[in-house]
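The following pair of complexes shares a single chain, chain A, combined with chain B in the former and chain C in the latter.
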Partner chain A sequence: MKRRNFLKACLIGGTTIALGKTNKGWASGSFEGYPEAMGVLVDTTRCIGCRSCEAACNKEQKLPEPDTSFDDPSVFEHERRPTSKAYTVVNRYQKEQPSGPVYRKVQCNHCNEPACLTSCFVNAYTKTKEGAVIYNSKVCVGCRNCMIACPFNAPGYDYDSATNPIVKKCILCYDTRLKYGKPPACVEICPQEALTFGHRADLIKLAHERIRATPERYVDHVYGEKEVGGTSWLYLAPVGFDKLGFDTTLSNDPIISNVKDFLGMVPMVLSIWPALFSGIHLLAKHEEQGGHGHDTDSNQEDTKP
Partner chain B sequence: MSSYKHFIVAALSIGAISVSSPAALQCAPVPDSITLNQNGKLFSPFTFNHAQHIQSIKECADCHHHTTGTLVLDPNCARCHQNSSPTAVVSCKGCHSATPFSPENLAAKRADKQRYHLDKMGLKGAMHQSCIGCHNKMGNGPTGCQDCHPRTKEGAAFYSTNRKGAKPAHAEEE
Partner chain C sequence: MKKMIQHGLAIVDSPYDEDGKKRTLVNKLLLGLTPSQYLLQAFRNPFNWILAAIFAIGIPILIGRFFFGLAWATSGSNDYPWGLFLGFGLFAMVPLSSSGFQLGTACEIFGRHDLEPIERLALLNGLLGYFFAVMYLLADLGQPWRLPYPMVVSFGPAAVLFLVAWHVATYLSVQVAEVSSAFFEWIGFPAGKRAIRRITLGLTVSGIILSTLHQGALGALFTYAPGKVHPLWYSSSFQWLHFFVSSLPGGLCMVITVSTIAAKTMAWRGDSRFHEKLDKVTVSLAKGACMGIATYITIKLIAIAHDNKWAYLDTGWGQWFMFEIIVGFMLPLTLMTYGVHTRKMNVVRLGAFMTVFGVVLNRVNTAMITFNWKLPHREIPPWREVIISLTIFATYIVVYRFILYRLPILFKWRRQEQEETVPEAVPAPALGRREASSVPVASYSSMTKLD
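Let's look at the complex of A and B:
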């Protein structure tokens, strides 16, 4: 009787968890970002590498003075990545090509389903409805999981402060601009309008329209439309994206999909396994004890007279 | 407020260029020079030699699209504007907004479902792309920032020019 109830409970519990997991899986797999999310379309065919966006970001976010001036072209000699002192950097590619160099601005791409957010165990990251991935430095413990999780190497780490370790990255000027519907500082300063600000959904249409109208100018792909589940920053390029330092091996599935199935098992393991194994253990023990007890009883009976 | 906000909003305000079709040329004045970037904060205002550009290019439509009533050059534009007459306003700022990404402009664009020109450049983008694009193509003419508009004191601070020649960031990282 007890065993039947136990098995029944196990079956019901397992089914509930399995169903719950599946539903959750479908839901996050089809998430295409917030409908009102904003974004920026980067047209690398327009960028002239003036680095005004870097300067604007530096002033807007009140970052420390740069190591070298923002009109110093020598920084293009090496490929750079965003740091805690520079949330955005411009890199130069295709320098030897007759078509001239191609410049690419790098910053946090503000994923629809951010891996940094998923990896953060103190919930320091938030994806706002405006599309920005922001973080709360007050709860950040400086574990740097987000830096490992990010497929774009966006978060930078403030190594200078030992007492207040925080991760820093582009927040799409959320506090000062995006919240009020205004474009980020980098977009506003760009002289070439290489950066176009708007609703992400509109920008995707815009990007495909540019490709349609001038197919000789672009490769037929909008980077960030589908990569890792879609990002708020989108890119157009005149040559293959792999030639401009983009990671073209990324899957269209959000990073969370890689661990979702495994993580879905954790509650089951934690809730079912202890009960299951203690049940088995108790049953085994009961059988063992019962058998032994019976023997003793019969022995006693035998010795009674 | 950020120091360069005013620069963005008011930058590159351009005096009306009233180039008109050859027939109307006699009555409409064509400016010889135009002061660009009149309210620039980071870069100083400068004089654009309109007369010299007319002389060397001769084709109004190279810069003014179809607004002057001359032949439309872009095949994509020609699909609709082949027979378009001159427009009332021919200056860049007459069509290209100085604040293309303002909440008001984005909302207006979203509300107008029939609008065709959804990807219309802002004023700053239109002018820089037009100037730098042509100067690159022709192989002459200025293409550097300060070749046209020298930086102001504020601009020098904005671009942290006092740090020029210092060790680049990557030297430290490696």
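Let's look at the complex of A and C:
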């Protein structure tokens, strides 16, 4: 091999390394959320399924009119998920139980280390110091990897728009309320005080306090305290969380920790491969001089593995 | 085409026609036919009518997708954000295109020059596969005009997709450079070819790096969804290896498949070197593919053992998984091994087709069929989505065929000296005329030192 070729290979390798270095998710690790992050505690034992939170959200976020009015109970027949037209929905569970149905409000949980954020290749998502996970529609390409990544199936996509489809999800009323220290619209409207707004750290204490005070009322678990690295929305429940449609198989590690094996391998491949394959090329070239030339009709037997 | 060659048509395989005159670009584009002859042969081919039917229905729908939005054209599902365009178009086309870097490596790095008759086909297969994977991606992206954003506007360097975007973009340009030497020969620009020849090693090595990483990265994309991909198709530690390793036999078998189809349907286009060496090369490729499949099956089983997922094999999903592994990988492995040992080329080729099927099924399974396995409903792609996918695939076939018909992929672009040493390939009267015009010929061959 010519020296120039070798240098060229090194140069190409070098630039790709420089490029690839940034690919490692340095910032992740054992990030436990911003200290002053806010959150909401949902006490499902208090929720009566009035859906006023859905209505308040619709008004605050200027979402389109729903198909049926917000006091139509027929929506409870099917389990719903947040969409681009409704950032939060209330589902009903356990309706056959003598203790009565349990309602659960669903929306973006605002993870401490959001999967949507780490999966986004244009960095459209930001976790603000107030705890909200917000989204920049100006840079979104529409690959929808965030929707694949979200363990709670929260983001909805505006498939109807041909010219400017964007991801739509709960932003904790960041632009209009949270930024100014005000609670989200859904919390403010809740007639049952099922939703409590406050610092996430305080809410965790409050949740455990409620469990301690009335252990017969709750299962001893605060959903969102540890799940996928912790979320800003926390839940208390009277029955096992799996019965209320929660995914109880989630790990306590953030989603990005699954991807780290691969991300860590990237700089290795970038640095080892050029030398390895240039070296093999040198070896193969040397052997060639003792035998067959470029594209000859040698009848040599196949030695390829 | 076959009939026309029987009637004395000389195929375009050198810069000069049978009269020793330099061929014009139009002449080369029309395969040495007159425009009316060209149209005649095109109309005579029944396959073109099928393609025409697909385009007649598909192109309006494809255009409609950009006017009426994704909801009109696809299932537009929030639970299954990636449908056929990505599940099939991106995730299945890319592994089938790993042939470019593998044959590039074998020929340029390992010095396996006996594989050269197929090297260009493998490179072209790689380039087109990637190119059309990007076409599928453009059809799927909500705002495709923002595709360059991760390169210039906003960076998300911790994301696997960021790596995929950069590497596919870089690798596409590497592949364009690799295939361009065939184009330079055809167009008659030897300086360009020499320039490419000089950087071949660098291109090939960067091809290996980029391919290793983004074939793996496509797998790593699914490690973002640990609870959604079915455990049998998921492995947090090995997902990227599964995708990378299965792409190796996938790419090799795709070359066997394409070369088989090309040797059958456009036999006139391959030169004697291609036809004589094809079986031997196919055996070499099949051997490589067998090693790849054996490794893949092993690491698949290791992953199941590693996370102790044996219990899942006893479910309906498990049977579907077994179907994929047995029909898509184990059976082809057996067939190809048997075929290689007994030199039964049809058996080898059948094995290769099945491997291609297996790799495609694996990707579609991971991205669509077993995705969201915990959700009660499965997403069936609506007809418009299917038709758009089919249309893009038909375009892929048309472009593939267009290039194979023209560029020196399956045949060697003849130099003048060669032409004179192979007089039987040229009609006798033409020979005399060429000798008369020996001066321009000589000056041409002295100025173009084609490699």
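Methods note: the second predicted complex is superposed on the first by the 246 of 305 C-alpha atoms of A that agree within 3 Å, B and C clash if a C-alpha of one lies under 4 Å from a C-alpha of the other, contacts with A are read in each partner's own complex, and residues count from 1 in each chain.
FYI, a residue touches a chain if its C-beta (ideal position, glycine included) is under 8 Å from a C-beta of that chain, and two chains touch if they have at least 3 such contacts.
As the structure is a prediction and not an experimental result, all values here were calculated from the model.
Visitor: Who does A:V266 touch here: chain B (first), chain C (second), both, or neither?
Guide: After superposition on chain A, A:V266 lies in contact with chain C alone.
Visitor: Using the superposition on chain A described above, determine whether A:K182 touches chain B (first), chain C (second), both, or neither.
Guide: In the superposed model, A:K182 contacts chain B only, not chain C.
Visitor: See if chain A has more residues touched by chain B or by chain C, and give me that chain.
Guide: The partner making contact with more of chain A's residues is C.
Visitor: After the superposition on A, what does A:T83 contact: first (chain B), second (chain C), both or neither?
Guide: In the superposed model, A:T83 contacts both chain B and chain C.
Visitor: Hey, what residues of chain A end up touching chain B and chain C alike?
Guide: 83
Visitor: Taking the touch rule as given, give the residues of chain B at its contact with chain A in the complex, in rising order.
Guide: It comes out as residues 2-5, 8, 76, 100-103, 106, 109-110, 118-119, 121-122, 124-126, 128-129, 132, 143, 145, 158-174.
Visitor: Which residues, counting only chain C, touch chain A once they are in their complex?
Guide: Listed in rising order, the residues of chain C that touch chain A are 66-72, 74, 76, 78-79, 81-82, 105-106, 108-116, 140-144, 146-147, 149-150, 153-166, 170, 198-199, 201-202, 204-206, 208-210, 212-213, 216-217, 219-228, 236-237, 239-240, 280, 283-284, 287-288, 291, 374.
Visitor: Across the complex, what residues on chain A touch chain C?
Guide: 1, 5, 8-9, 11-13, 16, 19-20, 22-28, 81, 83-84, 115, 118-124, 136, 139-145, 147-149, 151, 153, 155-162, 164-166, 247, 249-251, 255-256, 258-259, 261-263, 265-266, 269-270, 273-274, 277-278, 280-281, 284-285, 287-288, 292-296, 298, 300, 302, 304-305
Visitor: Hey, which residues of chain A end up touching chain B in the complex?
Guide: Residue positions touching the partner: 46, 48, 50, 52, 55-56, 58-60, 65-72, 74-75, 77-78, 80, 83, 85-86, 180-183, 185, 187-193, 196-199, 202, 205-206, 209-210, 213-214.
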